[in-house]
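Both complexes below contain chain A, partnered by chain B and then by chain C.
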Partner chain A sequence: MGLRRYLTSKALWYLGALVVAVVLNFLLPRLIPGNPVDVIVSNLSQGANISSEQQAKIYAQFVEEFGLNQPLWQQFVTYVTSALQGDLGTSFSSYPTKVTALVGQALPWTLALQIPAIIIGWVIGNIVGAIAAYKGGGWDRSVFTTSLFLSSMPYYCLSILLLYVFAVVFGWFPVGGAYSLGMSPEWSWEFFWDAQSYFWLPFASLVLINVGGQAVGMRSMAIYELGSDYVNYSRGLGIGDAKMTRYIFGNAMLPQVTGLALSIGTMVGGALITELVFNYPGMGSLLFNAISSNDYPIIQAVTLLITVAVLVANFAVEIVYGLIDPRIRAAKSGE
Partner chain B sequence: MSGINPGNVLTEAEGAEPAVPPPVSGGKAKPSWRSLNFGARFWIAIGIIAAISALAFFGSALYPYSPDEKVGGLYDSPSAEHILGTDNFGHDVLAVLMAATRNSLLLGLQAGILATLIGVLIGILAGYTGGWLEELLMGFTNIVLAIPAIIILILISISLQSTNIEFLKGFTGLALVIGITAWPWTARAVRAQASSVATREHIDVAKLSGARTPSILLTDVLPYLASYVVMAFVLQVASAILAESTLSLLGLGPSGTQSLGIQLHWALAFQAVASGSWWAFLPPTIVLTLISFGFLFLQSSLDEVFNPRLRRGKKKNLAKAAARRAEAAKKLAEQATTTEVPA
Partner chain C sequence: MSRMLMRASNVTAVYAADDGRDVPAVDDVTIEVPEGQIVGLAGESGCGKSTLGNAMAMIANPPLYVINGTLEIEGQSIDLRTLDPNANRRHRKYRGDVVSLLPQGAMNAISPTLKIRDLVVDVLRAHDRNYAKSDAIDLATDRLKMLDMPTRVLDSYAHQLSGGMKQRMVTVISTLLNPKLLIADEPTSALDVSSQKALIEMLLAMVEKKIMSGVIFITHDLPVLSMVTDRLAIMYAGKVIENGRTEDLVHNARHPYTAALLASVLDPTEDTRTKHVLGIPGSPPNLGNPPSGCRFHPRCRFAMDVCTTKEPATLAEGDHEFACWWAKEHPRQSVPMEVSHA
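For the complex of A and B:
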């Protein structure tokens, strides 16, 4: 399979997944029996103090926005076209605010937290796992058990423990939030310095768990490689350690790259709850607040964005895999 | 990193057991399951799971307080009467914890069984039959696998919350949803194994002797996958429990009941962490971690039992084996000398 064919087939698969995801994102909320707008508006008026005039206005707005008098396929077309134009609807709970504005406030926090955590966790995890497999013995056993423990720990459990021990008991870090009360997000050293003290705990809890998960995977891959015939043969030929390690870990790396693609979804999902524990103002907290106030357009926007982001990230990893896997490259030059 | 120790690699072969134990012949032979080499890890994992199940099932039957009973105020500290204090509703934390653990375990079991059944069915069909059916089933699986399961779970559970069907509102509905969304990776793993089994000779024999596909799948393919299915099931149970607690933490769990995620949800909502009321949030956190670790540890120990290549020679065992051999040699030598003397 050549590189081009590999990429085309992958692109088609992810396109298919994207279509299914968008359809589900559109369809599932509409499975609620009864008119969703009725449900939402009655929920809204129960909790908040909204005047009947305002309520009627919201109602009319939503009926039009959802296009509820149209057939389902037409609603779907409206949904997709407005989403493509960057219009994700209007928030229920903070009424005239556009969903995109709220998402725009939350997204930078999530990106700043998750992208470094996933990359650094992956790199450190692979190094630790490889060393454990290579050294064996007590090193291996302790690293393996610790990694397994960390990786099996739900994200939020580690977050809660870290928050309690380091912020509440020792008081080394602030308890939750992303910046001090008097501050507002801006591009200044003062704000940046303030925000970084809030950053480390959630970051550490994400990195630790990612390290654990990757180390467990890398260790077993490397052990498989260490026991394989080509290793024994090369050793018999007297090939040096440095060269051997390159071969072994080069081979063990490939499944780890695919593993990264598979685990990005879980990582992102777990990180959402981590934000919740630390009260970090990212997408997770936005989603949580939207769920507790039945803010439907926000929930749908967040789920759609996360799905698209995960699919894009997966596709990017698959492209990298195609570029570094010598089998795909070799097939290309052989054609 | 000074050199690859060949000892590690070579000893891996020692103690390797065939994945499918040979049939027992004669009355004196050990039952076949005894020849499986369960390590210390296996027993530690079983111990953790057994302790938590005991807490969940016997504890809640023996404990005097009910989880719905208001016995104190907001976050009363632990006392002799209430070992773990009270939560934000004034309920006894230990009573809530035990009921929550029971519910979470039962839900995990239901969802795990469902997900494993679907995954095995799709995987075995795709792997054994091959052709367009395999392409279709695996294409579907890969698409579902690419979409983050938590997103689908969030979307469905929001819909579930506002249904009028009582049955779907509780844990059964949640277990159903988790089971329906969790099967894809099991299907993928089972398919890979099933398609390798499908090429073995005994399948040809079964086909030639006129067996029909369902019976071949059940009696000639499935037994070879049993170890994978068991391991997948263990993982499915653990991940279902975690999925439930994630959803409940987000506030999407069933209302008016207990689960580990719901307990954590209220603890976080009522600022237990910031106010330092450790008894309200540490117990469910620790139990969740132990459940998850116990099941994962069980899976990894089973992996080593079924998959000897992952097993590493332990120095202790090597020393033991050497000692045993020395002993046997000594006995043999003694026998030789005792038989020699009278002669």
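For the complex of A and C:
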């Protein structure tokens, strides 16, 4: 019963965190200097001959429509009530497209890029790191240096390097975007075949960085476990290497599982720079464009999504951790 | 004298230092355990007692290498050297079965994510692949009952047991396969006195029930040693400098180091209040560059000229062995104990 109480109290904590996050989410974009309606109106009036009187009228209409003339608290109430109904508002800059539609277009690209990159990077990274720790010597030194280099390199550096070498110099991959001009996203082999050629470079840049980070973490955990008393004792009892490796992995894996869940949580906004470099039409690009045009509803929608994903991932980690580690399970259920 | 159970001869173990030099932590040591006896191995920290234990338990790990030594035990002769890459595989079948280890600081000796019963099964299966799980649990349960321990500990994780219980559980696991020799490396060091007593009583009971045929008990805790051991071997700077029956060593120390070590422990007698604990001046030598002659001479009250140049040979008076020039010149005399009164 202790466990249920623990979970309920944790869930309440996360709910509280969500409320705080939603408030911040709502306020922060509004603290960015500048007014989105200015941008829309100036865009509209470009090239067209519109008198200042007409401009003022258009301006007033947009302000009215977006509710920007209401006091902040009223805007907040409107935001929350419609968000609960699944309506995240209308985009300012791509007026009158709905935010949910824009997110719906961008999200699949990000998920298709990130989920395989995170999982493959995590699996390869852990295996490589564990082998490096186990083998030691030259293997370890080369793996460790490479991993450290990869994981500490800024995302955009690796992306630009890959882009330059493989797309510009060798010309093996297209330079940017997610599919060729003239194509439009649809469920067809033709489109899929076209899109996959755009997929590999951003994918590789994410995988490499993930591998680096995971390998560094796994290596140091495994080295720590290798030197622990239970490994020495198991050896003294004649337990074989294969079994011992399983003990070591079981324990070294714990922090890595957290890492996996958290990176899945942050993935929604995680590849912002990678997506920008490769001009990939995912959530990162959407967020970036929204920020540059003061598009509050989109910023809010994307950050809300990130917040929810991070909170859910954290909650999942707490549960999974308890399942794997008996010590934490004991602490949680108050044994 | 009772039949010899095991004899480890000419054990030399070195730590490979970064600069390419080898530091001999155990230097040509020979040690014997008679059938059914507990032999204590004592000395200051860094004297090589745990290293010798690791060499005999065949768990030397780089940078520690055993470069010489043979273990003869009940008709088997085991090459202790760990230089060849197959040593680990060669030694594995003896570990836990012929020679078992009761480790220093058993607190973390069991993987935190493993139930005790799973470790029990793994240990038995490591030596007999077809060992049935239920048989393994039955064996452990019987063993626990025999030693008056609660059988529910099998279903626990290590963190759910107290320190004393954990150490006793580890002792049971170490002896599941009825090893010929148990090497207990400071098993009581991390325990409070009542847990120490419980553990020692358990070890004595196990020897009596012939679960193992002999024990090497490594510790720096001399009062514990004089209580449980039949024989004592004293190590200094990688060498055994004196060994014999415990009562002979305690009452008739022949090496000044043994005498100094014993004098550094307070015996609770009537005049204890007025006594000072005598330390041993100086500190143990650097094993990378040990003193010439007798390694103890820079700290010895009785050092003579010959001690600084020539290494003393091992002499014997009955089954009491020692390596000391002073003892050679003073046959059958104990080292005068230095006692100071406040």
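Quick note on the criterion: the second predicted complex is superposed on the first by the 255 of 335 C-alpha atoms of A that agree within 3 Å, B and C clash if a C-alpha of one lies under 4 Å from a C-alpha of the other, contacts with A are read in each partner's own complex, and residues count from 1 in each chain.
We take it that a residue touches a chain if its C-beta (ideal position, glycine included) is under 8 Å from a C-beta of that chain, and two chains touch if they have at least 3 such contacts.
Quick caveat: nothing in here was measured; it's all calculated off a predicted structure.
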First (chain B), second (chain C), both or neither touched by A:L111: neither
First (chain B), second (chain C), both or neither touched by A:A11: neither
Touched partner set for A:I299, first chain B, second chain C, both or neither: first
Dominant toucher of chain A (residue count), chain B or chain C: B
Chain B versus chain C as contact partner of A:V20, first or second or both or neither: first
Contacts of A:A316 with chain B and chain C, given as first, second, both or neither: neither
A:A101 touches, of chain B and chain C: first, second, both or neither? neither
Partner chain in contact with A:N232 - chain B first, chain C second, else both or neither: both
Which superposed partner A:A60 touches (first chain B, second chain C, both, neither): neither
Chain B versus chain C as contact partner of A:I119, first or second or both or neither: neither
Footprint overlap on chain A, where chain B in one structure and chain C in the other make contact: 232, 235
Chain A residues within the chain B interface of the complex: 13-14, 16-17, 20-21, 24-25, 28-29, 31-33, 39, 131, 134-137, 140, 148-149, 151-154, 156-157, 160-161, 163-164, 168-169, 175-176, 216, 220, 223-224, 226-227, 231-232, 235, 241, 244-245, 262, 265-266, 268-270, 272-273, 276-277, 287-288, 291-292, 299, 303, 306-307, 310-311, 314
Chain B - residues contacting chain A, complex: 1-6, 8-9, 12, 139, 142-152, 154-156, 158-159, 162-164, 185, 238, 242, 245-246, 249-252, 264, 268, 273-274, 276, 278, 281-282, 285, 288-289, 292-293, 295-297, 300, 309-310, 312, 315
Residue ranges of chain A in contact with chain C within the complex: 228-230, 232-240, 243, 247, 250-251, 324-327, 330, 335
Contact set on chain C toward chain A in their complex: 57, 59, 61, 92-97, 100-101, 103, 105-115, 122-123, 126-127, 157, 159-160, 170, 173-174
